[in-house]
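Consider the two complexes below, in which subunit A is the common component and subunit B and subunit C are the respective partners.
Moving on to the complex of A and B:
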């Protein structure tokens, strides 16, 4: 009987986590499309690394206790925001790649230094390194799964509502500036991106969460040229792949969820690129080139 | 136990790492490809795992060949992605390195390679704190040349990487300067051997940074010196030598701070050396950037 209860509990927890990861993956994919069109993919990576010191700061403020999901969200967003601010500041006097390299060194150096410090303090409730950096969604408690679902739904709904305006800002930034829309739209977009990254870190890992943002957008790009269709494809791919990764991670606990999800995404992208290459060489080659030209103009 | 048992080899490795990474960092910075160093350090993990599975050893020779092949694979994959996905630019690199790093993590987890220095601690923090040399019994032993034969292999790897970078730079310097300042002429003219030579230098430095600082902080070893020296340098040789000098000072300074600061301040816990070096480098780079304005 005890085994049956344990099995039932495991079963329902995995179902909730599966749902949470599917919605989170979908929201990350839709945000990822806009990130790539705004050429902010690597900045999202730097921001994801910046969540680590924020999370650890929260643990330190709570006296070493495990933080609640709300604290995780706040701490992750503060860490990522400060990292992005530093990146912006460094960009004013350095090239983009140098600014990113220094911002990454600062945020992740601070994060790893604090982590190794806190690991030596007695009574500190920290997850294992593998879980923290590469994710382990299958072991996520129900409360965290519900928080992840809530934040992901809010982010997804807001992004879909703002999608036409965001697309117009990307397509014609000068017109958006004249209308006074560019600045606040970018601010809202960054807030949504940082909220999702901060909440997704526990499930997908600090290092791997950016893979869930970047890969579906690239795969969707192989399947369709229109931006709305790309968003739909990305949302679909982004929902399915992390859900499969959770099942893999539940079946083989040694495999981290984030890493397996990114691996599956990379496999899917490789297959999609092969398909793209095949169609580009076919009779539709001219059509494909025209699509690429259109997409490049949008990007 | 005295300081040379724990610190002598680590400091020497950091000196060689600083020289190699400073120079390669300048080359990458001049091509606006510093994040390539970060990407390559990530992508090195699956290469090391495959090298271990195929050759059955984590020897540094096999690791070096794996690193070289990885650099060329990454460059090819990134250029393919940029052609296939127009408008992706730097994000293509993000796709390549996060995909390869994830593959490496899955391989490490599935193959259970916890006893070959590929567990998360080594991947994230590097192996600087493991460089212990117990053979010399007193400080004067360090003056005997013969005793250095028993030094950890990482020291010779660091020296070898430094020599590869220096020789590559001397052989490749005219091509490199042409490539940096006239890429339209140089890129089709140089051909495969020059590109392979450049990849050799980059792989030597990135492998060394990976060993010292781990996969995620290797970029700090490559970038800090180059970014700081860029502010003060007025010529190409000044930039190269300045970056190496600054990288050595940051590496050794960070290590000394990490090992001595807890003692000086009577702190109850120790500091991580790789993280302290990365932090020191980033803070100094930020100060230099503030001066540049």
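Moving on to the complex of A and C:
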């Protein structure tokens, strides 16, 4: 009887976690498309690394106790925001890639150093290094899964609502700025991105969460030439892959969720690139064919 | 007067002044060209007027601050400043011109669709409405940006080098469309590099070189440039 109860609890928890990861993956994918179009892919990576010192700061403030999802969200967002601010500050006097490298190594080093120090303190409830870096969604408690679903739904809905404005800013930022869009929109976009990354770190890991953001965007480019269609493809891919990764992780607990999701994404991207290359459907192939159509029309 | 500038001082990071203008009035005639050598502050004038560049001084459109008349002013940026790689269609770009009139979700009503269709037809883009704008020729891309301005129902069009990197046929086509827009009642202010067609297409010109050097009819302004030996740019 006891075994049956334990099995059912595991079963329902996996269902909730699976749902949470699917919605989170979908929201991450949609944000990822805009990140790629706005050329913010590496900034998202920097932000993800910056969540670790923020989370550890929260644990320290709580005296070593395990943080609630709200604290995880706040700590992660503060850490990521500070890292992005540092990146922005570095860019004023350095090239973009140098600033990016410095911000990445700083956030990674600060996070790793603080983690090593805190793990030696008595009474500190920290997950293992592997779980923090590579994620372990299957072991996520129900309350955390519900928080992840809530934050992901909010992020997804807001991003979809803002999509036309974001498209306008990406295509022609100065004309958009003239009409009052621009700075505030970028701020809201970053807030959504940081919130999702902060909440997704526990499930997918500090190092891997950015893969859930960027991989679907890259794969979706193989399947359609139009931005709205790419968003739909990315959302679909983003939902399916992490869900499969959760099942893998639940079946084989040694497999971390984030790492398996990223490997599955990489496999799907490789297959997509191969298929698109073979059928001339890739972004370049499609462009070339459509450009020829346009040239014919002009002639 | 569409655009009035007083005590304008444009300084980018580093603090060096790139343009100082005591007083300038633009846009009372149909088409005005802003000319001058590279680095003269031509683009900076437009950007500073539109709050896209840091500035000091007073800028007014029809006697009002920009914030009150944003929808009446359209800006067509230099081609290099537009992200042509973003996979968006001609129709969607033109629809963006309706954004100032739309609600929070930016959903177009039937009237907006009709205005967008009319703008596409006016700029002769019917065959390309569903084409990706990034894959079109430079001339068609400029026409798309002008169609967006037309869909916006802007009265004043500020264009930053709209003829740059276009071949002669495309240049003639865009100039003809600009003249048609001007005949339609639009006021056009345009940063321009081809001095050969200045007198043929523009009714006013402004010569800049870090400051206002001359303003008036194209022939007078060209004469001022010739006097200073600046016609080599």
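We take it that the second predicted complex is superposed on the first by the 280 of 299 C-alpha atoms of A that agree within 3 Å, B and C clash if a C-alpha of one lies under 4 Å from a C-alpha of the other, contacts with A are read in each partner's own complex, and residues count from 1 in each chain.
We take it that a contact is a pair of C-beta atoms (placed from the backbone, for glycine too) under 8 Å apart; a residue touches a chain by one contact, two chains touch by 3 or more.
Since the structure is predicted, the reported quantities are computational estimates derived from the model, not experimental observations.
A.B. asks: Given the touch rule stated above, what does A:72 touch, subunit B (first), subunit C (second), both, or neither?
C.D. replies: Neither partner.
A.B. asks: More residues of subunit A in touch with subunit C or with subunit B?
C.D. replies: Here the partner covering more residues of subunit A is B.
A.B. asks: With the two structures laid over each other on chain A, which partner does A:168 touch: subunit B (first), subunit C (second), both, or neither?
C.D. replies: second
A.B. asks: First (subunit B), second (subunit C), both or neither: which does A:226 touch?
C.D. replies: The answer is second: A:226 touches subunit C but not subunit B.
A.B. asks: Scan A:149 for contacts with subunit B and subunit C and give back first, second, both or neither.
C.D. replies: In the superposition, A:149 contacts neither subunit B nor subunit C.
A.B. asks: After lining up the shared chain so the two structures overlap, which partner does A:204 touch, if you call subunit B first and subunit C second: first, second, both or neither?
C.D. replies: After superposing on A, A:204 lies clear of both subunit B and subunit C.
A.B. asks: Could you look at A:259 and tell me whether it touches subunit B, subunit C, both or neither (first, second, both, neither)?
C.D. replies: A:259 sits against subunit B, while subunit C stays out of touch.
A.B. asks: Both subunit B and subunit C contact which residues of subunit A?
C.D. replies: In subunit A, positions 37, 298 sit in both the subunit B and subunit C interfaces.
A.B. asks: Which of the residues in subunit C end up touching subunit A in this complex?
C.D. replies: Touch list, subunit C to subunit A: 47, 50-52, 70-71, 73-77, 81-83, 86-89, 92-93, 96, 99-100, 104-106, 127-128, 131-133, 135-137, 145, 148.
A.B. asks: For subunit B, which residues count as touching subunit A in their complex?
C.D. replies: 29, 32-38, 81, 84-91, 93-95, 98-99, 101-103, 105-106, 109-110, 112, 120-121, 124-125, 216-217, 219-220, 222-224, 226-227, 230, 268-272, 274-279, 281-283, 285-286, 289-290, 292-293
A.B. asks: Okay, in this complex, where on subunit A does subunit B touch?
C.D. replies: 36-37, 39, 41-42, 45, 49, 86, 89-90, 92-98, 100-106, 108-113, 116-117, 120-121, 128-130, 133-134, 207-208, 210-211, 214-215, 218, 221-222, 252, 254-256, 258-263, 265-266, 269, 273, 276-277, 292, 295-296, 298-299
A.B. asks: Of all residues in subunit A, which touch subunit C in the complex?
C.D. replies: Residue positions touching the partner: 37, 161, 164-165, 167-168, 170-181, 225-227, 230, 287, 290-291, 293-294, 297-298.
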